[in-house]
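Below, each structure is written out as structure tokens.
Presented sequentially are two complexes of subunit A, the first with subunit B as partner and the second with subunit C.
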Partner chain A sequence: MTTPIIRRIVGWLLPFLWIFSFYIMLFGHLSPGGGFSGGSVLGACLILDRHVNGANAFGARFTGERLLKLSLAALLLYGILKGQSFLAGVLHMNGLPIPLGTPGNILSSGLILPLNVLVGIVVAVAFYLIATLFEEGHL
Partner chain B sequence: MKRKIAAVLITVSFIAFLLIGLSDFPPYGTADSAVYNEVTARYLEKSIEETGAVNAVAGMILDYRAFDTFIEASVIFTALVLVLMMLQKNDKANGGDGNDHAHH
Partner chain C sequence: MQGLHLTSLLSILILMITAFIMPVIKQRQLVTKISLATMGVVLVMLALVAVDVARVEHYTATIGHYDAPFGITFDIGPIEAVVGVLFAFVSTMVVWYASFGIHKEIKENRVKLFYTLIHLLLASLLGIVFTSDLFNSFVFIEVSTLAACGLIAIKDKPENIKATMKYLILSSLGSGLVLMGIAYLYSMTGHLNMRAIHETLQVSVAGNERAILVSLTMFTIGLGIKAAMFPLHIWLPDAHASAPGPSSAILSGIVIKAPVVLLFKVLFMVYGHEILKDTVILNLILIFGATGMIMGSLFARVQTDLKRMVAYSSVAQMGYIFFGFGLGNAMGMTIAIYHILAHGLTKSCLFLSVSSFIEQTGQRDIDNMRGIGREMPITLAIFSLGGLSMVGIPMLPGFVSKWNLALAAIDYGQIFLLLIILASSLLNVSYYFPIIINGYFGNANLEGKIYKSKMKPVRELVPLILLSIMMVIVGFGSGPILDWIASAMPSL
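The block that comes next holds the complex of A and B.
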């Protein structure tokens, strides 16, 4: 049920929402937010875009299978990145040397920034695919 | 049938594994257990130094307890796959016998 009102308002809102979702994910280690909340907003962006723009939406460029593979790849990468540091700790070895940086900078706190983005990808894909499935009946 | 038995065995052994872990917990509400004293103090005092994150919550869920977050993300992914398996209309995702692929 897309009316011109929704179309216009979403058109104004979406650019800011895109930026806001990436802000939440990329600044998760500095301010409130992180992978789950940023991924929710990113998923909402994809859903609104798909609802208003249909086949021209950004998400419509990818098949559901591709997005699932992207989500799985993000999950596996998370497991590898964190698994190596946990295993290294258990075996009393040195894991990948990842500098912690200066607390407060964007590029700091080691793995937390990339892990936030990976979690965000998983959450956004899940929201988007389920909403698309419920609205259109197929992917 | 074999797969069902395997599934039950895996589930039962996982439950047993979790219950064995649970039996090591201190009794509920114990005031002097480490969880309520040392862990909290350590997280609050040393999280910036040890994880580099100004946001202490991010330091906890993605550094000290990153595996917990990993499993949380896996749960979301599994839920997504199950919803797609159960509710998708076309035969391709339902694990059909492969004869239906010609129609799509």
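The block that comes next holds the complex of A and C.
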């Protein structure tokens, strides 16, 4: 499936896609995008890389076990960060004092930025793992 | 007290968080211990919720930082508290039971996944019951469907995959219909909060009758599929019979109950009696429930596989719950909620004892269960207690349900409905009693069987015994429980 044409074009495209995926995640609170869309682009990058570059691919260096741990850690952190906010809501309190920053800056709007990044990680890993599942039949 | 209001949310949060810790832990023993400890904590928390509700009658916990019509809230009254405690109790006992033997039924590397799925499942079921936001309940329904599918497919046999696909497809149809129903309600009222929808709907009935009927039908069919209402039950026997023992207990005991609670809230708290009495929905539910009571039992009667028989019996018992809803009077609704309790405890007890028969003898056929009472006397005693409750022997919860259902039917004004309850009970006798009688009695049956030869160690039977004790307590203490549930019924 990998002809030199595809390999060359993917080689050109991938760096931009990588940066674009992080842009979508990090600017989710300022412009269209967010965790899920950024994560799906990131996942697509990993899948593309793996299909074209095979064993040399960036994604192939991460085994299923490690990726699973990464996404579980992201989920756990998400649960704790958002959970404390929910719990504070029940008590009519404010939760963790996260500075809101200046509107328009990347570091603003409190919890939304870290949560977007965490969702992005989970989505990217899930996409990648599902793709490898179909490729080899196991992780 | 404000602090206690946290516990309802905290129980769901703890389950979700621990669910994702387990896949990375290496030792199976540790996973089991964490799971058991979490379940115990959740049970205590929900008991606290019940205590809290008993004191203040009803409270609202605001999740997020916005109040009711816009933010998501948990509205917790007696019904939610009782059902929550039931869910936590049954799952605790099932996890306890599974901790001894689940690795014999499924592959070693799937055990951790099993506990993860059970945690996710319980969290989503509690969410469905507690939340007062329709869209939030839809999200929890989806989570519960996927987790339940995982619990069936975890055994990796071809028939499990087939049953899972069947369940997944029908369930997706069901949740699709629920989503459409929510969309109709949202476009009519502009709200997702149940109370807000109810208030808006009362004043905007005129001109919306058809849309209301369509959305009502969607909710009834969508949630009916998930709760195995009679003609929509076809996924249930395959799924519940092929799943591993503890999964079946949890699926039959509590997973099909959560949609029922949601249907109850949608019918009587969102639409309300004023709207329902002008539609045919309640009559349809009554007819489906009554047919289910008879047909479920008839199907169960002809099964040769013990587990399939118990699964079909679930269809019949869900019929009782829908029958209670269909009557539409306060007593019918109260007893439907009580039957959720009764059936949840009884059926998980039955499924766990059946799965230990299968585990110890390696046989699934009813014919091969002859003389089992000599080999496994305690387990068959628990099975018998469950069977007697299903049949309706006085003081057991099944009897309380049938008795009050009969009173509610008289109250409804249709005496012939009593015949259906009676016929269904007699059919129950016809398939539960042969197993019990052939298990304990008959010289031909007992020949060559050695007393207690296949019995499980007593410590492995403790969860089963606790479940059956709880069942008896719910039967004996039915008076206060019924009063408490009745105090929460929406006024007619």
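As a convention for this text, the second predicted complex is superposed on the first by the 136 of 139 C-alpha atoms of A that agree within 3 Å, B and C clash if a C-alpha of one lies under 4 Å from a C-alpha of the other, contacts with A are read in each partner's own complex, and residues count from 1 in each chain.
One rule holds for everything that comes next: a residue touches a chain if its C-beta (ideal position, glycine included) is under 8 Å from a C-beta of that chain, and two chains touch if they have at least 3 such contacts.
Just so you know, these numbers come straight off a predicted model, no measurement behind them.
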Subunit C versus subunit B on the shared subunit A, clash or fit after superposition: clash
Which superposed partner A:Ala126 touches (first subunit B, second subunit C, both, neither): first
Which of subunit B and subunit C A:Ser31 touches, first, second, both or neither: first
Which of subunit B and subunit C A:Leu75 touches, first, second, both or neither: both
Contacts of A:Leu107 with subunit B and subunit C, given as first, second, both or neither: neither
First, second, both or neither for A:Leu91, with subunit B first and subunit C second: second
Touched partner set for A:Ile5, first subunit B, second subunit C, both or neither: neither
Subunit A residues touched by each partner, larger count belonging to subunit B or subunit C: B
Contacts of A:Asn116 with subunit B and subunit C, given as first, second, both or neither: first
Shared contact residues on subunit A - subunit B and subunit C: 68, 72, 75, 79, 86
Subunit A partner contacts - residues on subunit C that touch it in the complex: 2-3, 5-6, 9-10, 13, 16-17, 20-21, 23-24, 61-65, 71
Subunit A residues touching subunit C - in the complex, by the definition given at the top: 68-69, 72, 75-76, 79-80, 83, 85-87, 89-92
Residues of subunit A defined as touching subunit B within the complex: 28-36, 64, 68, 71-72, 75, 78-79, 82, 86, 100-101, 103-104, 108-112, 115-116, 118-119, 122-123, 125-126, 129-130, 133-134, 137-139
Residue ranges of subunit B in contact with subunit A within the complex: 48, 51-55, 57-59, 61-63, 66-67, 69-70, 72-74, 76-77, 79-81, 83-84, 87-90, 93
